[in-house]
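Down below are the structures I want you to see.
Note that chain A is present in both complexes that follow, paired respectively with chain B and with chain C.
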Partner chain A sequence: MAARRDGRAANQLRPPQMELRPLLRADGSARFRFGDTAVVCAVFGPREPRFRHRELFDRASLEVVVRPRIGIPGPKERQMEALLARQLEHVILANQYPRTQISVIVQLSCCDGAVSACAGNAAFLALLDAGVAMKATAMCVALAVKLEPEPVIWLDPTEAEEAQCDALISLSVDGSRNQLVSNVSSGAFLDAATWASCIEAAGKSCKVLEAFMRMSLQKRLETFLKPG
Partner chain B sequence: MSLCLPGDEIPLNGLQPGIGVALDSDSGRAFATTAGVLRSDDEVRVENLRKRYVPRKGDCVVGIVMGRTADFYKVEIRAPSPAFLPTLSWNGATKRNRPVLEIGTLVYARIEAAHPDLDTELTCIDPDTKKSWSTGEVLLGELKGGLSFEVALSAAQRLLDVDCFILDRLGKDFAYELCVGQNGRVWLSAPTARETVLLLQAIKRSFGMTNVQIEAMVGKMVEVFS
Partner chain C sequence: MDADLLQRFNPEDFYRHFLADGLRPDGRGLRQQRSAELQRHALGSALGSASLRLGRSSVLCGVRGELEELGRIEVSVELPPLCSALFREKHRALGQMSFLSKTLTEVLNLPSVFDPKQLLCHGDVSWVLHVHIVCLNYDGNAFDLCLLAAIAALEDAELPALVKGTLGPEAGERLAIAPANAEDVVSEARRLVLLARPLPVTFARMPGGQWVLDPCAVEESLGASVSLCFLEGRWLVFHQGGGADANRFLEELMPVARTSTEKLTKLFEN
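And then the complex of A and B:
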C-alpha cells in the first residue's frame, strides 16, 4: 500500500476543528477545518423570502450560496451549491417553517482537498447553531480511491492526493443510525466491494466526527446553559 | 446535563413535546430536532443558543412597529415574518379613543394567535385589569423612553426567572425599569443615559457568568460609576 505524503494511515482523518458562531450578525454560523482545508458558513433564517417566487406554501425554501476563496463564483461553485442544497434538504425539517426561506452562505477560506465534505460539515454546524429543526445528525467525509495496482482508499485526501487518485467520493452519513444521507462521486467506476468498503470507512469516520462534535458542543453549552 | 443532537430519541414520559422536539409520524416516537440541553418541566424541550424566535401562543414579546394601516400595525418581533397588532386591541380602546403608534415605537404585547401557516396576531389587551389603556397603568402597551437590545432566547428566559441574580444585584445599586420579551428583545430604562448604557452592558455580558463573576463585575461597575 502506498504511503501518504503526510504520514497518515489510509483511514486517518486530518485533525478536525470547529468553532461555533464566529460571525455575530448571522442567525447561526460555524467554521470547520480539516487540516489545511477551512470553510466558514453563515445561516440566515428562517426568514421572509426576499423574492416572492421563492416562497413555497408548505415548507421553507433553501438557498445555498458558495463563495470561492478568490475570484468570482463559477460553474464549480454552482455545482457545489446544488449538491449541498440537495444534501441539506434531506436533513432539514423544512415543513416546520412554511412560507419562509433559509439561506446558507458558504465561504471557502482555505482549500486543500476534501472541500465539499468540509463545506457540508460547516453548513450542518451553522444550521445547528441557528437552531433550524433537523431530523438527523449527518456529518460528511471525503474519500479518494486509487485503483492501480490494487484498490486503495484514502480517507480525507489532500489536494495533492486528490490529483493522484482515480475516483473521488464525498459521503454524508447519519452516524448514530448508520444510514447514508448523500453521496457524490466522480472519476473512475468502482466495483461493489470497493464501494462497500468506502461506505464502511465513511460510516466509521462520521461516527468519530459526531463524537468530536458532541464533545465540543457539550463544552460550549455547559458555560452558557448551566443547570437552573 | 444531557446533551442531545438532531435525531436522538427522547423519552417523553407522558409529557408534551415542546420546542426542539418532534414526533415521528410513522413510529410515534419523539426525537430531538436541534442540538442542546434536554429540559423537562411542564413539557419536554431542548434548550439551545438560537437567536431566531418562533412565535407561540401566550408568549409576551417586545416588538417594533414597522408599519401601519387603518386596521393593523405591522410589528417586527424577531420571527420569520412580521406580526399584526389590531389598532383596537387595547384595554378600553374605541374607534374614537385609541392609541396612535408611530413607526419605530416599541410595544409590549401578547401573542394571540400563532399558526405557522397564518400571520401571527398580537394583542395589548390585558385580561387581569379593567383599567383603560389611556391611564398608562396597563402592563401591555407602548414602551416609552429607554432603549431596546437583543439577547439570545435562552438568556431572555433566564432574565424572566423570578430569582434572576443579575437583575436583583443591579437593583441594589441602580434604579431601572426593564421589560423582557420572550422573543429575546429587552427594553431598558434608567434615569440617565450613562446608567442605561452601563446596565445594558452588564446584562448583556452576564449571560454565561456564574453568580460570583456577576458579583465581581457589578461591584467593579458601581466603583467606576460613582
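And then the complex of A and C:
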C-alpha cells in the first residue's frame, strides 16, 4: 500500500480543531480545521427575509453563501453552496421557523484538500452555536480513492493527495441513525466493493468526529457555567 | 378538501394517499420511468444535436466545434427561468447549472468514455467540442435528461473536413472547413465515436421512505434524490438531501437501476 506523504495511516483524519463563536456580531459562528484546511462560518437568523419573495409560509428559507479565499465566487463555490443547502435542509427543522430566513455564510480561509467536508462541519457547528433547532448530527468527511495499482482509500486527503487520486468522494453521515445525508463523487467510476468500504470508512470517522465535537462542547459548557 | 388544493399546499399528504396504493399521481408505478422520446439531428446548423423528452421535461442539445490545442469536450447546461418558475431565482439555478456542467464534463471526458485522439486534426491542432444543453421545460430529473441528450448529440456529431485557409495574412497556417469535393483536405470528415455510454438513473425519496424512479419536479422537492451514473458495472453516486439508510439503500435500488439502464440502451438503439 502506498504510504501517505505526511505519515498518516490510510484511515486517519488530520487533527480536527474547532472553535465556537470566533465572530461576535453574527448570531452564531464557528471555525473548523482539518490540518491546514480551515473554514469560518457565520449564521444569521432566523430573521425576516431580506426579499419578500424568499418568504415561505410554512417553513424557514435557507440561504447559503460560500466565499472563496481570494477572488470572487465562481462555479466551484456555487456548486458547494447548492450541496451545502441540500445537506443542511435535511438537518434543520425548518418548519419551526415559518416565514423567516436563515443565512449561512461560509468563508474558506485556508484550502488544503477536503474543503467541502470542512465547510459542512463548520456550517453545522455555526448553526448549533446560533441555537437553530436541528434533528440530526451530520458530520462530513472526504475520501480519495486511488485505483492503481490496487484500490486504496485515503481518508481526509490533502490537496496534493486529491490531485494524485482517481476519484473523490465527499460523504455526510448522520451517525446516530446510521443514515447517509449526502454523498457526492467525482472522477473515476467505482465498483460495489469499493463503495461499501468507502461508506463504512466514512461512517466510522463521522462517529469519531461526533465524539470529538461532543467532548469539546462539553468542555466549553463547563467553563461557561463555572462560577467566578 | 379539494384535490388540487391539497396537492398545492400539502404535497406530502397528497402523495401519501397515492403511495399507500403503490402508485404516483401521474399514474405511474413507483419503479416506472416516464416515456422517453429522442430526436437526433434536431438542429441543422450544429455539428451534432439532439432533443430529448422525458414526460413533460425536455431539453435541446447542440455540439459546436472550435479549433484549439487541447482536444476535449466542454459541457454547459443552461436552466433558464423560461423552463420553470423554480429557476426564477438566479442563485438557485446557478448552483444546479454549475453542478450539471461540471459533472457532465467530467463524465464525458473520462478515458473509458471518450478517446480525445479522434479530435486531433492537423499538427497539434484539434477540435474542442462545446456541448450546449438548454432545458426547455423542467419537470424534474435534469441529470438523466442532460446526460442522455449530450450522449445522443455527440453520437450524432460529424466533424467536417478541413483544408488550409486561403484568406487573410496567415492563410497558410489557418484551417478552414473544406468545401464539397475539395481535394487537398488536411483532415478528413468523420463521425465521433463514444467508447461506452455512461447511463444515468435517478431516484427520489418519498415521505414514507420509498424510493421512486425518474422523479418529476414535485417529487424532487419532497426530499432527497440519488443520481447514479453507470459504466460497465461501476458507478458514480450523487446523493443529496439525506435520509438514506447507509448500508442498504444502494442494494435495494441496484436491481431497479439495472433494468432501467437496459431500457435506456434500447432508446439509443432505435
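Brief remarks follow.
The rule is short, and it goes like this: the second predicted complex is superposed on the first by the 224 of 228 C-alpha atoms of A that agree within 3 Å, B and C clash if a C-alpha of one lies under 4 Å from a C-alpha of the other, contacts with A are read in each partner's own complex, and residues count from 1 in each chain.
Keep in mind that, in the parts below, a contact is a pair of C-beta atoms (placed from the backbone, for glycine too) under 8 Å apart; a residue touches a chain by one contact, two chains touch by 3 or more.
Keep in mind that what you see is a predicted model, and the values were worked out from it rather than measured.
Legend: residue contacts after superposition of the two complexes on their common chain; A:E222 is shown touching chain B, with no touch to chain C.
By the touch criterion defined above, A:E89 lies against chain C but remains apart from chain B after alignment on the C-alpha atoms of chain A. Of the two partner chains placed by the overlay, only chain B lies in contact with A:A130; chain C stays clear of it. Of the two partner chains, chain C is the only one touched by A:S186; chain B is not.
Looking at the shared chain after the overlay, A:D112 reaches neither chain B nor chain C.
When the two complexes are overlaid on their common chain A, residue A:D156 makes contact with neither chain B nor chain C. In the superposed pair of complexes, A:D174 makes contact with chain B and with chain C alike. Looking at the shared chain after the overlay, A:P98 reaches chain B, while chain C stays out of its contact range. Residues 91, 136, 174 of chain A contact both chain B in one complex and chain C in the other.
Those residues of chain A whose C-beta lies close enough to touch chain B in the complex are 21, 27-28, 45-48, 91, 93, 96-100, 128-137, 174, 176-177, 210, 213-214, 217-218, 220-227.
In the complex of the two chains, the chain B residues touching chain A come out as 1, 3, 5-8, 20, 22, 31, 33-37, 47-52, 80-82, 116-117, 152, 154, 207-208, 210. Remark: chain A residues 53-54, 75-76, 78-79, 81-83, 85-87, 89-91, 136, 138, 167, 172-174, 178-192, 195-196, 199, 203 touch chain C in the complex. Residues of chain C touching chain A in their complex: 89, 91-92, 94-99, 101-103, 106, 110, 112, 198, 224, 229-247, 249-250.
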